Each structure stands twice: as C-alpha cells, then as structure tokens.
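The two complexes that follow have chain A in common; it is paired with chain B in the first and with chain C in the second.
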Partner chain A sequence: MKKNKVYSIEQQQARWGFLFTVPCLIFFAVFSFYPIIYAFQTSFTDRQVLSRNYDYVGLENYVYIFTKNNGGFPLSNSIRATLIFTIGTFIPMIIMSLIIATFLMQLRRDKYRGFFQLMYYMPAVLSSVVAAAIWMIIFDPRGLMNQVSNFIMRSSGVDYNWLVDPVMLQVSTIIIYFWKYIGYFVILFITGLAAIPSTIYEAATVDGSSRWHTFWKITLPLLKPTTAMVSIMAMLQCLKTFSTQFMLYQGGSPRAPIDVITMNIYFTGIRNGRLGRASAMSLVLFVIMLVFTYLQLVANRSSEDVEY
Partner chain B sequence: MRKALSVLLVLLMAFSVFAGGAGESNDEIVIEFWTHEDATRQALEDQYIAEFEEMHPNVTINATRQASSRLVELVQTAFAAGEGPTVFNLTNDAVYSFVSTGNVAPMDYEAAGYADAAAVEDAYIDGMLEAVTYDGEVYGLPLELNNWCIFINKQVFRDAGLDPETDYPKTWEEMVEVSEKLVIRDGDILVRRGYDFRYPYYLETIVPMVEQLGGKLISDDGTEAIIGEDAWIKVLTFMQQWGPNGLNLGSPTYTNARSLFNRNNNDIAMCTTGLYQEARIRSENPEFYESGDWMVVPYPVFEDAVADVSACHYGQYYMVNANEDPETIAMAWEFIAFMLSHGEDYLTKVNLIQPTKELMNSDTYKNMPYSDVFTYDLGRAHVLYYGPHANEIQSLLRTAIEGVMLQGVTPEDAYTQLKTSVQELIDEDA
Partner chain C sequence: MNKFVGKVGIVEILVWIFLILVFLFTVTPIVFMVCASFMDSRQILAMPFHWIPSSDYFTSADRTFFTNFVKAIMGNNENATFFRNMFNSFVVAIVDSVTTVLLASLCGYGLAKFNFKGRNIVFMSIMATMMIPFEAIMIPLYMVVSGMDLMNSYRGLILPFMVSAFGVFQMRQYLLTFPSEYLDAARVDGLSEPRIYSSIVLPNCKPVIATLGILSFRNQWDNLLWPLLVAQRETMKTLPQYITQFSEEKMTDEGAMMACAFLASIPMIILFFALSRYFLGGAAVYDSRKG
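Coming up: the complex of A and B.
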C-alpha cells in the first residue's frame, strides 16, 4: 500500500516560497539568463547585425578585442575609462549619500525631511538623456559652469574646457552622474537608518555618548548591511554607465576619454554592426562586474552578523 | 432551383470582385513606414498617407518617425531581430549594407509606374541613383537630394564692416580671414563665430576639402585608403588651426552653427547647410526669412586647389523590406511612387528636392531662392561615399579631426592613425 509522503511545516513553507519565486525566475531566465547565454554564443561567431549567415570563429573576437586597436578605440582604453568613472563616482557617492542621509535623519520635523528627500531624489526621476542635455547647456563654453569657474578662480573669459579636455570631460561625466543618482542612494540609506531601533540611541545617550561617537560606534556598524548593498548597487550601476557619456559624445565631446565599455559595445555592435565582437566585449564587462561584486561581498561578509 | 442557386453564386462572385476594385485584392496589407523626423514634412506626408489609404481601403500605413541620427540604428536593430519596417528611408552611406545582405527588395517597376530600371534612371538626373543601383537593379528612390553650400547672415557681415556681396569667402584661406573679422570673443570663449563647420559630417564636408588638394578617401580600385599624405596633413592642420588650440574660430562643442543661424541672434555669421534650411528659417523665424538679410554662396576651395570639388551630395532613399510578401512589396512601391509623385509640393512646402529631371528643370525649382547656387555646387559635387564600412570611416574621420582640434594630436599622427585604421577596414573585404 502506497503511503502519502508527509511534509514538515518548514518544507511546506519552502514549497510555497518556491512557487512564489517561480514567476521571477522565469522572468529572469527569459530576459537576463537567455541573453547572457546568447551573447556568450554570439561572442564566438563573426555575426554582423544585418547578415543572416555567420560562422563560428572560436576565440578570434576575444583575441581581437584584447590585442587590436578596434578602429582607434581599444577595449583596454574602455576598461580604463570605466574604472576611472566607477571609482571616481561610486566612492564619493556612497560617502556623500551617507552624510546627507544622516543629516536628514537629524531633522526633527518630518515635512522638512520629506522636502529635502524629494529635492535630492528628483534628478533620479529624470531620464539620463534629459539630465545630460541639461548639463550640456551648463557645460557649454558660454554656459553657467564657465561663469561660475571664472567667478571662483577670479579669472575672466577662461574656457575651462568642461566638454573638451580629457580630464575635465571625465570630471563632467562624474558630476552629472553624481547629481543624478545621489538622491536614490540617500533614500536607501535613510531606510537603513530608520531601521535602527531608537532604544539603542537612547541607551547611548544615557551612557553619555556624544553624537560623533554614536555615529562611529553605533550607526555605522549597524548600517553595514545597507552600506554593503548600496555600494554593490552603486558600483554595478557605475560599471554599466552609458547614456551620460553617449550624450556628451553626441554633443561634440571627444570619445576616447569617456569611451566606457558599454559605449564601445554600442558602437561596435550597433553602429558598426559587429555583433560578435560586441558580444565578446559584453562578456568581458560581465566578468568584471562579477569579480568586483564577489570582492565586495567578501569584504562585507561580516555585515550579515548585525543583529539588533 | 439549382439554376437559381448558380446565378446567385455567380452574382456573389462578381460582387466580391468589383467590391474590391478592379484587379485589387481584399487582403489586408499593413505597411510599417519608418522615416526621420521633419516637422515641416510630416504634415505633408500624413496627408499623402490618408489619401493613399482612401484609394486603397485594404491598406493601413503606420508611420513611425525618429531622429535621423537614430533611424539607421533602429532600422538595423529591427532587421537583426527579423522585425524590419516595410518602408523606410536612409542616407546613401547606409544603403550598401542593406542591399549587400539581401534585406531590401529591388524596385517593383510596374507597381511604381515605370517600365524598367532604365526608365527609372531616365527620370532622374545623372548619378542620383548611383548609390542604390546594384547589378542593374534599382533598390531605392530618393525622398530628397541634399548638397550643402554656405549660408551667410548679411547683417552680421555689415556689422563687422564687410560687404557680404563682395567679401564673402571664396577660398578656405579667405574663410579664416573673414572669420577673424567676424568673430567676437570673451577671453577664450566665442561669443560670435564667423563660420563653423558641420560637425561631425566629415565624409560630406572634409573629404571634398582633401580632394581639392589632390587627396582621396579610397583609391579607385578600392585597395588603398587615405591617399595623398600632403593633402590630408594640410587639411588636418587647417582644422587644428581652426579649433580652440589654434586660432580658436570654432569647435564641435559649441551649439551647431545651422541651428543658431535661423535665430539671427548675432552669434553666427555663416554655416554649411542645404536648400531645406530655407524652409526651416521660414518656419522658425519668418521675419528673418522675409528680411532678405541672408544669402547662399558656393562651397569654398583652397587657393592651391587642384580640383574644384564642393561638399558631397547625398540622398535619403526610400527602400522596401525584402522579407515582406510580394503583394506587400508591390503595394509598398506603389505607396512610395505615390508620395514621390508630389515633387513640386515637397519643393515648395518643405524645400526638399526630389532630383527628377522634370523637377530640376521646372520653373518652380529655378525660382527658389539661391537654387542656382545649389545647382552650381551640385555640378562640382560627387556622391557621398557609400561603400562598405561608411559608418566606421565617418567615425574614424571624427577621431582624426577632433583629435587634432581638441586633444592636441599632431596632424601627422592623426593621419597615420587614420590611414592604418581605414586600411584595416578595407583589407577585411579584400
């Protein structure tokens, strides 16, 4: 006689949990996993965007992108541009968003806090294209940035080449990105700060801890899981940056200083129609993102131990 | 009873045939029509679409409009996904890749109202179908022909103490001299430019400058790239001197000259653009258009030029997706021919030239302001480079020219890099 299998409550819950995640898994498989596999396969072909036929060329695309000039825009330059942008953007962004979030949490009246949150978050709602267009007007040689720079530097009629000079151009992309996304990360930090029980702060106050001491000894350690999440998100977002650099290039800026990997992928695959090479580049970006995420997870491993 | 039934069936069949119009199928045909944005042209074409749909009740035309710079990418991506539009238009530098990969259909001459390819060739002025003719078949019809001349704001010239009618630049050396007189600077910052180039359309504007000096983009047999070291280096040096690190007369990072020109705000005196600009001035600034304070002059040459070459002419060509069924392809060509049968309207209402012999010889064209200048320059121009890798070569030219203008690259280094990169591209096809 066949016996009905008995499941524990935990197993039953796990089964329901799995069922709830199935739609998400399907969505991920179709829209993320399949394209990754497809890009992996395409990276071994000489596929061109309009051509119906293609051949497998082994590692030829990988050899090409690591050894050839790629029409004056080698992948090595793109990796350099991406790393400079990522490091130059995400570290200051994490620090500043934490400082602003802490400042906003100090505001006693909710309506002020709400107002500032809205102000900081507003640029994140704008599309990157609109944001870049606004900043291109500001960075125009006759625009606000040169006027402000001349005022601060007590100079007159100096063009600081915000959109031309390789260093200034990279700084410009960092400023635009910083302005656009800092509000988003401020909100995430505020959420993390709000989750810290007020009783801990009350106990610290009773024990005579100063605000500075409380921040370093209580807030920051308890915020570690949020910091880990925010820093991984910010880093991945920075590694995938595209539209800011693309808009500046469309506006007449030179490409090489800001030719981040995604932009090189776009030009190689879409403009020049070389899908095989572009896929190989996207796989390289994927690996870079994977490695950096792993390193961050290792660095933040102890963050999971936080308990209130 | 059986006889009555037979009569009824015959009547029903006859009714079904005549209801759809003589010889016309009742099958629904959907034409996805993708074209570039042009506010002045849109109203005209929407009217033609409505008229065509009325003539063919079984046809639905869905028009999608995108910025011209994005259209080629969107069309390419759509074709890569097997979802290309039925009818679309692209410039001749993009045509080759679509024809060579079999993605566009040769013309259905009958549907478009022509006897054969020779009849189509005969209807257009010489060389206009060169970029879309392969193996004796025509693959596209020109929505517009463009060649670029120099537009001049006469008032700005007069403000600088110049007589626009006599002092306008005939050579590139004079262009520098005149621009020096017209330019207003606040320190390094250009408040008013005399002239500025049409960045980053270097295949159209800079390659002819090289050709004036005896250089070439690609050799006639297609095996060698960037020919004529002296010519290329002279042009690259000219551009270096034009930019912010030289005489500081212009730069790609300023607002493009042709957009500023229409506003007549005393911030640009000259720009490079086509006849279509006249419609845009009329639409954006009718007061300036009517003032007569603007004029058009031919594209300059170098003083020591060995060839009289003006800016390249190029076309926007309507093409049809080869992956559609034959009935849709025929209807698409009929639709294209219907729209292009309104050449005079395109010319008078939106200043677009459809280069048929009939239109180019008409009084309507001859009476357009400065059409004689455009015709003169058309005679000195050749078609824009349309071979394989045209897009990549355009991008490489940008790297070279903007490298010397903005990034301190020497003309010699830029030339070497350009030659190597373009040669690498054409060697791929060898």
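Coming up: the complex of A and C.
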C-alpha cells in the first residue's frame, strides 16, 4: 500500500517533467521539423510567391538548379563561392586563433590577458552589417586599406580594387568575417587551454622541455577535442554566411563572386518568387552542412577521448 | 640563470609585439568608425588620412560635427524611421531573449531533473534540430508566416526565434549539476512543481540565464535575413535592414554611413562593457558541448 503511493508520487512528478518540455517540443515541431519537411515537399512543386496554386513537377527543380543558369547566378557558382569563402575563412581563423590564444596564455598577468581578450572580442559585438559598412569605406579606392597596402608593398598609388575585382572581393569578405569573429574563437581556445592542468606543464618544465617543444608535444595533442569542436562550429557558421555578402552587394559590388548559397536562396525565393527552386537549394545547403558535420565528426572520433 | 632570464625576455617581447599587432587589427576599424562619423566625406577619403575630425574639410558652411548623425537619423525619406526601426530591434531582441530563457530553462529543467518515459527521445530530437540550420528552412518558414498572415508584424519577426536547441542544451547541462536535495526539500514543504521551478530553479540559474539571454539578444540584434523576408513595410523593419538601405542610398556619403553604423552599435557597446563577463562567458560555454 505504502509502496504504491510512493510510486504514484514519482509518476506524478515524472508527468510534470514531461509537461515542462512540452512547450519546447511544440515549438521545435512547428518551427524546425515541419519546415524542413515542408521544404522537401515544396522542392517538388513549381510554387511561386504570388500564386496560391501549384503543381508537382517531380525533380524538375533539382534538374534546373544543377544544370541551368538561373538568370546568370547558377547554384554551381554559389557552391563554389560558399566553399571558397568557408575554406578561406575557417582555416586561417583556426590557426590564428590558436596562435593568439597560446600567446595570450604566456602573459603572466591575468589583467593584461583580460584586456586583450576584451579588445579582440569587440568586433563580434557589432552587427554583421555594421562590420561590412565599416570595411566598405576602408576598402574604398581612396580608403585606408589601399594606403596601408601601398605602404606595406612599397608601391604608390596602386588601387587594389578591393570591392570590384572578383578575387579581391572574395578576399575582402574573408577579411571582414575574420575580423569580426577572431576574438570569439580566441576565447573558445583559451577555455580549452585553461582546462589543461598546469601540473603537466610544470612536469614538462622540470624535464627541461622548451616552450616550442611543449607546445607541439603537449598543448596541441591535448587540445585536439577543442580544435575539433571549434572547427566544426567555425565551418558551419561560414557555410551560413549572408549579411556580409549581402551588404557588399547592396553597396555596389558585383554579385557573382560572393553569391553564397544563402544569398542565392534569398534572391531566387524572395526577390524572384521561385519558392520551389529556392526550397530545392535550401535542401542542398542542408545536405552540404550535414555532410561537413559528419566528415568532421568521423575525422575527430579517434581523438575524442583525451584525459588529463 | 641569467641566460634563462634573457631568453624569456626576448620571447616575451615578441609575444607582446604580436598581441599588440592583433589588438591594432581588431580595434582600428572600430576607432575608424567612431572618428569617421564626425567627419566630412572629404576628410574620410583624404590621402593621407587624418584621424582627428577637423572642420577644415567641411564642404558647406552649415555643416557641423553632428551633421552626419542628423542625416543618419532622418534617413532616406527624412521621416526619422531610424527610431522606429531601433525600437523594433529592441522589441524583437528583448522578447526573444526573455522567451528563450524561460522556455529553455523550463525544458532543460524537465530534462535534467525528472525521469519520465521517453526522456531520451525528447532530448535527442531537440538536439537534432541543431542540425537544421535556419538558412535551410527560411523559405518554408516564410510560407508558414505569410500563410498565417503574420507578415509585417512583431509576431512574425519574433516567433521563429523564441527558443533555441542550444539554449535547452545549455540549461540542461547547468541544471544537471544542481543538487536535487533542494528540490526534494521543497517538495516535502509542499511546494507545487511549477512553484519549485519559478522560486527555486530559476533564481539559481542567474549566470546561465545572463549568458543565454545576452547571446539571444545579440543574435536577434544582428539578424538581417529573417526581417528581410517578413518585414517589408518601413515601420516594421529592424536596424540591420535600416543600415543596409541607408548605405545603399547614401553610398557616397561615407560620414553619414558611419554615423548610422555607430548609432546602431551604441546599445551593444554599452551592453558589452557593462556585462563583458557574460559576453565572454557566452563564447566559452560552447566548449561545454563536448562534455
């Protein structure tokens, strides 16, 4: 009898636990799972913004986005632009933030380290459009960047066409993104570095290991899980980039070199009203991100279990 | 010993030089924005560049150091939609960060402290939504929102970002370490489960609430893509849209553009220096994902 009562209280409690998760479950069902299924369904239709009627057209949208020109902005170009941007941003970002974080850890006083962290993080606080607006002026033909570049390259009066030349334009978007997020990734690495017990370093110092040697033989291997996690995050974030490219395009730069997938989805779906085609593109983006995540997870699985 | 100290000195100096170079790289553009917002275009694009705003470059007699700010606020149509759009940004960012904190803590609490049937399925399916990026579902979301007649409304702007899977995860991780004894004691005292959540669990989550709230606020303050889709009426647009439009039309007025960018950044800069601990913490908690 008594045992029965205890059981029912626990059951009652468990029901409360489930109830607490219901609002979120409903939210994710409506705003995550349903839309991705809806996107899948729409990608097989010729649905457009202005008309409520549509027909199922089979794989026509997929054939279209992979083989047709899409008014001068084919998906293949978008995939190329996105991959160049992603690889061009995330590799330097990971390497540089790791170096900066390691150097910051060398500082003897926490006060200095805190100051640098704060200052490195500042750009991440600004909106992406603000970041792009600032750099658009710095990249102006008469702007600061040409002056600095000419000073470094010891040339005079050369215009590097930061916002016009297709290659330089891609470099520019990479610089803007790098600038905005470097501090953020430095902090992620610092968290990882701080988790390595100082006793290991003390032991290494006692054994006469040089700083250089310690970095390659101790820090880097122990930091592998952090590096894996940070690079997945950086990569997924780069694949989703939109605001920087959109702002530069609105500012008068050519669209094709920086026509990343999200921008193409926006223009195809909203500006041109081709919801079916845009949905097909969305699913391509979704699959690309899934594949990248999977590859990263597989590549890092062996290194996941690091114990200090 | 002496030799050792000398070696450290050189490394130390190199480290400092490197860190200061990075410092210049991250901070110079922000200083540039602030300085340029007081300048005439002639000075911004002068070669060589002078950092101190000067009236020597002014092109017209009625120009002052604040002309740029007046232009930025008056906007393209001289109707000061700037304030309205800033207000919209505030509404969306505040409402979304409050709902994120509430819903995520409620769900995270349910997942961390109760043993109900199917808990793992619930948890895994919420985590699975992390794999569905907003950018891949914005088109169907747009169709849903326009089908519900929520275009150009606050509800349309707010709804898709009311909670995030990451927020739920973070709350759950935090509450897993929360001692269950407190909860049991409260139950013995006869508190109802919702009361336990609101008067014991929530007040004890302050640090994680602050980080999550700030993260969500910042994400919405920065959001351009979704408002571009659902807010097409001037009065319903948000700040990132305002800046994009303004810079498109005032492309040759660099000073006004920078003033606009500066004004739009002030709330975030204030928030950052007031609560930097939680900003930096917000970046760091991502690291707990692996654990």
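In the analysis below, the second predicted complex is superposed on the first by the 278 of 308 C-alpha atoms of A that agree within 3 Å, B and C clash if a C-alpha of one lies under 4 Å from a C-alpha of the other, contacts with A are read in each partner's own complex, and residues count from 1 in each chain.
Everything below uses one rule, namely that contacts are C-beta pairs under 8 Å (C-beta built on N, C-alpha and C of every residue); 3 or more make two chains touch, one makes a residue touch a chain.
In this text the structure is predicted, and so the values were computed from the model without any measurement.
Chemist: If chain A is used to align the two complexes, do chain B and chain C fit next to each other or clash?
Modeler: clash
Chemist: After the superposition on A, what does A:275 contact: first (chain B), second (chain C), both or neither?
Modeler: both
Chemist: Could you say whether A:242 touches chain B, chain C, both of them, or neither, answering first, second, both or neither?
Modeler: second
Chemist: For A:253, decide between first (touching chain B), second (touching chain C), both and neither.
Modeler: first
Chemist: Decide which partner touches more residues of chain A, taking chain B and chain C as the two options.
Modeler: C
Chemist: Looking at A:67 after the superposition, I want to know if it touches chain B, chain C, both of them or none. Which is it: first, second, both, neither?
Modeler: It touches nothing on chain B or chain C.
Chemist: Is A:140 contacted by the first partner chain B, the second partner chain C, both or neither?
Modeler: Once the two structures are laid over each other on A, A:140 reaches both partners.
Chemist: Under the stated touch criterion, which partner chain does A:205 make contact with: chain B (first), chain C (second), both, or neither?
Modeler: neither
Chemist: Counting only touches as set out at the top, which of chain B and chain C does A:267 meet: first, second, both, neither?
Modeler: A:267 contacts chain B only, not chain C.
Chemist: Contact-wise, after the overlay, does A:283 reach chain B, chain C, both or neither (first, second, both, neither)?
Modeler: A:283 contacts chain C only, not chain B.
Chemist: Is A:158 in contact with chain B, with chain C, with both, or with neither (first, second, both, neither)?
Modeler: A:158 sits against chain B, while chain C stays out of touch.
Chemist: Does any part of chain A touch chain B in one structure and chain C in the other, and if so which residues?
Modeler: 140, 142, 250-252, 270, 275.
Chemist: Please name which positions on chain C make contact with chain A in the complex.
Modeler: Where chain C meets chain A, its residues are 11-12, 15, 18-19, 22-23, 25-27, 29-30, 32-33, 36, 44-49, 103-104, 106-107, 109-111, 113-119, 122, 125-126, 129, 131-144, 159-160, 162-163, 165, 168, 187, 193-194, 197, 218, 221-222, 224-225, 228-229, 239-240, 243-245, 247-248, 251, 254, 257-258, 260-261, 264-265, 268-269, 271-272, 276, 279-280, 283-284, 286-287, 289-290.
Chemist: Mind pulling up the chain A residues that touch chain B in the complex?
Modeler: Touching chain B from chain A are residues 48-52, 69, 71-73, 140-142, 146, 155-159, 161, 163-164, 166, 250-256, 267, 270-273, 275.
Chemist: In their complex, what parts of chain B are in touch with chain A?
Modeler: 69, 73, 76-77, 79-80, 97-98, 101-103, 185-191, 199-200, 244, 251-255, 389, 391-392, 395-396, 398-399, 402-403, 406-407, 417, 420-421, 424-425
Chemist: Applying the document's contact rule, which stretches of chain A touch chain C when the two form their complex?
Modeler: 10, 13-21, 23-25, 27-28, 30-36, 38-39, 42, 47, 100, 103-104, 106-107, 116-131, 133-138, 140, 142-144, 147, 179, 182-184, 187-188, 190-192, 195, 211, 225-226, 229, 233, 236, 240, 242-243, 246-247, 250-252, 261-262, 265-266, 269-270, 275, 278-279, 282-283, 285-286, 289-290, 293, 304
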